[in-house]
Amino acid sequence: MSRLTFAEAIVGAIAYEMRRDPDVFLIGQDIGPFGGAMQGTRGLYEEFGARRVRDAPISESAMVGAAIGAALQGKRPIVEVAFGEFLPCAMSQIVLQAANLRYMTADEARVPVTIRTRVGDGPYRGHPQSYEAWFTHVPGLKVVMPASPADAWGVMAAAIRDDEPVLVFEQMYLYHAMRDEVPDGDHLVPIGPARVARPGRDVTVVATAWMVHRAIEAAAALAKEGVEVEVIDLRTLAPWDQEMVLASVRKTGRLVVAHEAWKVGGVGAEVAATVAERSFDALRAPIARVGAPPVPVPSATALRNLTIPSAKDIRRAILRVVRGDPS
Amino acid sequence: MSRLTFAEAIVGAIAYEMRRDPDVFLIGQDIGPFGGAMQGTRGLYEEFGARRVRDAPISESAMVGAAIGAALQGKRPIVEVAFGEFLPCAMSQIVLQAANLRYMTADEARVPVTIRTRVGDGPYRGHPQSYEAWFTHVPGLKVVMPASPADAWGVMAAAIRDDEPVLVFEQMYLYHAMRDEVPDGDHLVPIGPARVARPGRDVTVVATAWMVHRAIEAAAALAKEGVEVEVIDLRTLAPWDQEMVLASVRKTGRLVVAHEAWKVGGVGAEVAATVAERSFDALRAPIARVGAPPVPVPSATALRNLTIPSAKDIRRAILRVVRGDPS
Amino acid sequence: MAVDSEPWLEVYRWMLWSRLFEAECGRRNPRWFPAEGEEATIVGSFFDLRLDDVAAPHYRGPFVVYAMRGAEPWRLAAQVLGKAAGYSKGRSVPFNGPLGTGIVPWVAGDLGTTLGVATGAGLAFEYDGSDRVCVVSFGDGTANRGDFHETINLAACWSLPVIYVCQHNGWAISEPADSYLKATVSARAAGYGIPGESVDGNDVLAVRAAVGQAVARARNGGGPSLVEACTYRLQGHWAADRASYRVAEAVEAWRERDPLPRLKRVLDERGLADASALERIESELGAEVAEAFARAEASPDPGPADLGLAST
Amino acid sequence: MAVDSEPWLEVYRWMLWSRLFEAECGRRNPRWFPAEGEEATIVGSFFDLRLDDVAAPHYRGPFVVYAMRGAEPWRLAAQVLGKAAGYSKGRSVPFNGPLGTGIVPWVAGDLGTTLGVATGAGLAFEYDGSDRVCVVSFGDGTANRGDFHETINLAACWSLPVIYVCQHNGWAISEPADSYLKATVSARAAGYGIPGESVDGNDVLAVRAAVGQAVARARNGGGPSLVEACTYRLQGHWAADRASYRVAEAVEAWRERDPLPRLKRVLDERGLADASALERIESELGAEVAEAFARAEASPDPGPADLGLAST
């Protein structure tokens, strides 16, 4: 066990996998001597050199396309799109090449490419947009979004070893916010299964990344008021763990979903819709969704803070479904 | 009144608006002498010439970017991205420029740009992908998807006159499939309101584009069996008509959503989630969603037909929520 | 190069194979994209590649490239007919090919993105320190997509063994090249600090020479090159396109420069094949093509099992 | 051009304004992107534009361009401090400016897309048959984005009045230009059939001359041009970046070529301003900057009303 930050865990996982497999290498901008945005590749260049830690020109589409092409030749590239705001620049490569290659070759092709990117609010404050929902709509892509250092290491390692394209969304608030025990050596967190972050019997809160922590904060306070909240950390957004969520809702009869991204059309919509389809009879109250309001993410701190779902917002949503409080 | 096909109505609306406003012009590929994919710009070049019907190089990002920039200068460009499959090529311009400009200039900027594109299965068969759900997640964009020639004319005209960026998704099966009465002259269908395509009391089916017709087909058959289906044509996907859908569900107590795009993460998820949030108490049965299975859209006719939701699929979903039939 | 030591008869055979096979594709599928007239560019660009190299042919006329690398004609025909025997079981666009032949498959219809994937093959080769190369061809219209710029610049910066061949056929559907290109495509090479060359794309000798030189350079660590092969799209954009947007005269002028008769003349001058030998080849290939389509025609359509819902 | 008839003192004033204002921005906001050393390129590219032209400055150092076109310094300062008095009420990135000054605003952080929007301004002018033009500047790193290629080619094909100025400062964050450019940026112009020129970006006379020529050409229907102004990023990528990834010597060499002392020399040689006059200007501007930040500092943060939830 070592106590690592989220960023250290990500870098640790990449370094571990690069030591383990000579076909793993990294493509990105400023990932070399600079050490990556928010120190997200710190030390990798020093250990692995320019051949395996490749600084690229500002050309996200070429970076992702080249990574896909190398993956088709048996390499296992990790391509770093520094921030989620730049994913649109590589959109065709991701949704039309990476996602289609295996299916459109009758399952012959394998595309073991990992696309990592930074999203959300945090100490960096730049480029906060979080588009993960788009990619959950596209068959052929796996999408993970860890909430803890241990999971960050585990899903990054699993993504690198996965034979399908995997997008890893790294929430920036979490980057240096906490330290956490991470198992040493071969540590994998399978892509797919969610995690019960806090057990409870009265209401299920399905959350992602930063919002997992704010949900736990709200749950801790509500416990003192006699409301037992079960917090589920989704971890994998595609394919997501329907069974765990449905089982929890069957137990609690109530569902709240919370993420930092825009509420409308977000990942929470898919979770809510699936529960309304498959566990309707267990539902004893309306579903509540918590997410960002429908405006582009503003830049000024004072303004942005008004748009990020707070523990209080989650608390309000919980009380709405538990006690029928007005919205 | 004239009886027009869907394609004729789209072209008619564009021609009408171009006659009405000299600042309206069209950018695209093969929209000139060729008359556009599936005759989607037929006759416009002959009437308006090369200055207002501009054939562009294969560069979707530049086309959309230039249209946005011209819109900032007071023009009202229509940019044609021939098929939805090419929207990813212009993704940054759409979601980071068009969507943000007004908000990020404190409501000073106006971006009266219309982005039209063709999606779905149909006689053309190429480039069927339908990504409309992505854009409903992005604040600052309006998204319309008409199901009839009359609405096609009306929403296209409304989109061109709108001061915000509007994406118009033209479903290709509908292009030449039917003729329909379209009012002559100034015909506008406001962006926002949905339409009751067929009234009913037992179950609400919210559908888009082609699926509206398949829902009506299913409804007609079920009427003979005593099931009265209310079919709502959403028409506008963002901002969509929550009030009409919620009112209908409060009446019927049952909801089915149907679209041609992938079910997972599709527009139907947002509709289902909203109903489960805001009309939960009115729901008397689980919600059912109908959409494409989670595979990239295949090419061979025999295979693709297996992935497109049929009237029978919609019928099955209806009976599931009305009679509790097994899935 | 010493022409007579070269396999000109084989080159001719493949160009003719393409001409005949493509004709049948267009006859059976109105949405096929005919490559008639562009055979010298297509065959000349890929004929000399090793089987362990990667070939990423343009979407127009790729079948002959797959066939040269071992694809079964009847299974390619099956793709044109949307049959289950197609290499992707009917899943992909029909101009896709078998991954096993060392190609960059066509898994989507958006032009330009295959340039990125092909560049990645070169990246893998450079990473492994191997002498393998990738040849990728693309249209003169596709040359205006952002991916052209980003990928060639990346290949130049990393000195990747990738040869970018522009299959310049003068048209992008209904748009003439002079409307979307204000200079030669090869003139763009200087901006990336790589060699660029324009050649007569209807002269298979010239195409093989130019691409061969670029391949040799790439194998020796010399990095990428850009070759512009100027040819002409003799038919419409797709088989059913009457191409009423262009004047017949221009097309006829280019018919005069048809690459097949031109190579025939070379063979004749050099005494590499007499008329009867060429006739024999033509009838052999005709039979091969007919048989391929007959077999494909008789094969089943794809069904639920081919949908692969399990696999995802 | 006849130098003495030119407003060199005003040019100097703006370059100095930029130097002083940017310094304060960096002092107040560690995430500010300092433009020190690039003032000749920035001011020289936009100084001569008409107010009815459109200016689309690069994200590094755009404030002086907004100020030259009428922006209020204290409101720009408010943006750096995230205050409600910023032109976007705190919504946009801080390097945005007031739309009313005829600019292409910065509404997102992805580099390259503003090239498309700026090209659209040129499209509107061409559409109207007006003689207005758009000058857009961008970095040497940004020159590798697909939008560079697509938009310049579109402008070339449609002969749009757009001048593309590469603010080549030798770096893209921590990456040196020779790692992502294997030729001059101006060498790319030939591939689009447009004029391309590289100039000393620390010589404001040269920048004004090159851009001025391109602007004149565009006004007269001559279409787009590409100008590469070679300058240097004297500070780190952002104010807090210590730039430990590069050697101090190179930076010092470039400090020798600081555009401000260079212009000072010209003013002196030509007797356009004596030391005391220049000192007066410097103290005036210093006071102006201090006052702007003091006023911004004292102004309120944005609140719920500025979020504009109603408006969407």
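Just so it is clear, A, B, C and D label the chains in written order, and each chain counts residues from 1 on its own.
Note that in this section a residue touches a chain if its C-beta (ideal position, glycine included) is under 8 Å from a C-beta of that chain, and two chains touch if they have at least 3 such contacts.
Keep in mind that what you see is a predicted model, and the values were worked out from it rather than measured.
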item	value
Chain at maximum distance from chain A, centres defined as averaged CA atoms	C
Between the pairs B-C and B-D, the one where more C-beta pairs touch	B-D
Distance from the mean Cα position of chain D to that of chain C, given in whole angstrom	45
Whole-Å gap separating chain B and chain C, where each centre is the average of the chain's CA atoms	37
Centre distance in Å when chain A and chain B are each reduced to the mean of their C-alpha atoms	30
Inter-chain centre distance, chain B versus chain D - centres from mean C-alpha coordinates, in Å	41
Contacts with two or more other chains, residues of chain D listed in rising order	88-89, 91-93, 108, 110, 112, 144-147, 149-150, 153, 157, 179-181, 306, 308, 312
Contacts with two or more other chains, residues of chain B listed in rising order	56-57, 59, 61, 85, 88-89, 92, 96, 100, 103-104, 139-140, 294-296
Topology of the chain contact graph, where touching chains are joined (line, ring, star, complete, other)	complete
Complex contact set, residues of chain C against chain A	54, 87-89, 91-93, 96, 98-100, 104-108, 110, 112-125, 127, 146-147, 149-151, 153-154, 157-158, 306, 308, 311-312
Chain D residues within the chain C interface of the complex	144-150, 153, 156-157, 179-183, 185, 187-194
Chain C-facing residues of chain B, complex	29-30, 32-34, 55-59, 61, 83, 85-86, 88-89, 125-127, 293-296, 298-303, 306-307
In the complex with chain B, residue positions of chain A that touch it	85, 88-89, 91-92, 94-96, 99-100, 103-104, 129, 131, 133-134, 136-140, 238, 261-262, 264-270, 272-273, 275-278, 280-281, 283, 285-289, 294-296
Interface residues, chain A side, partner chain C - complex	25, 51, 54, 56-57, 59, 61-75, 77, 92-93, 96-97, 100-109, 139-140
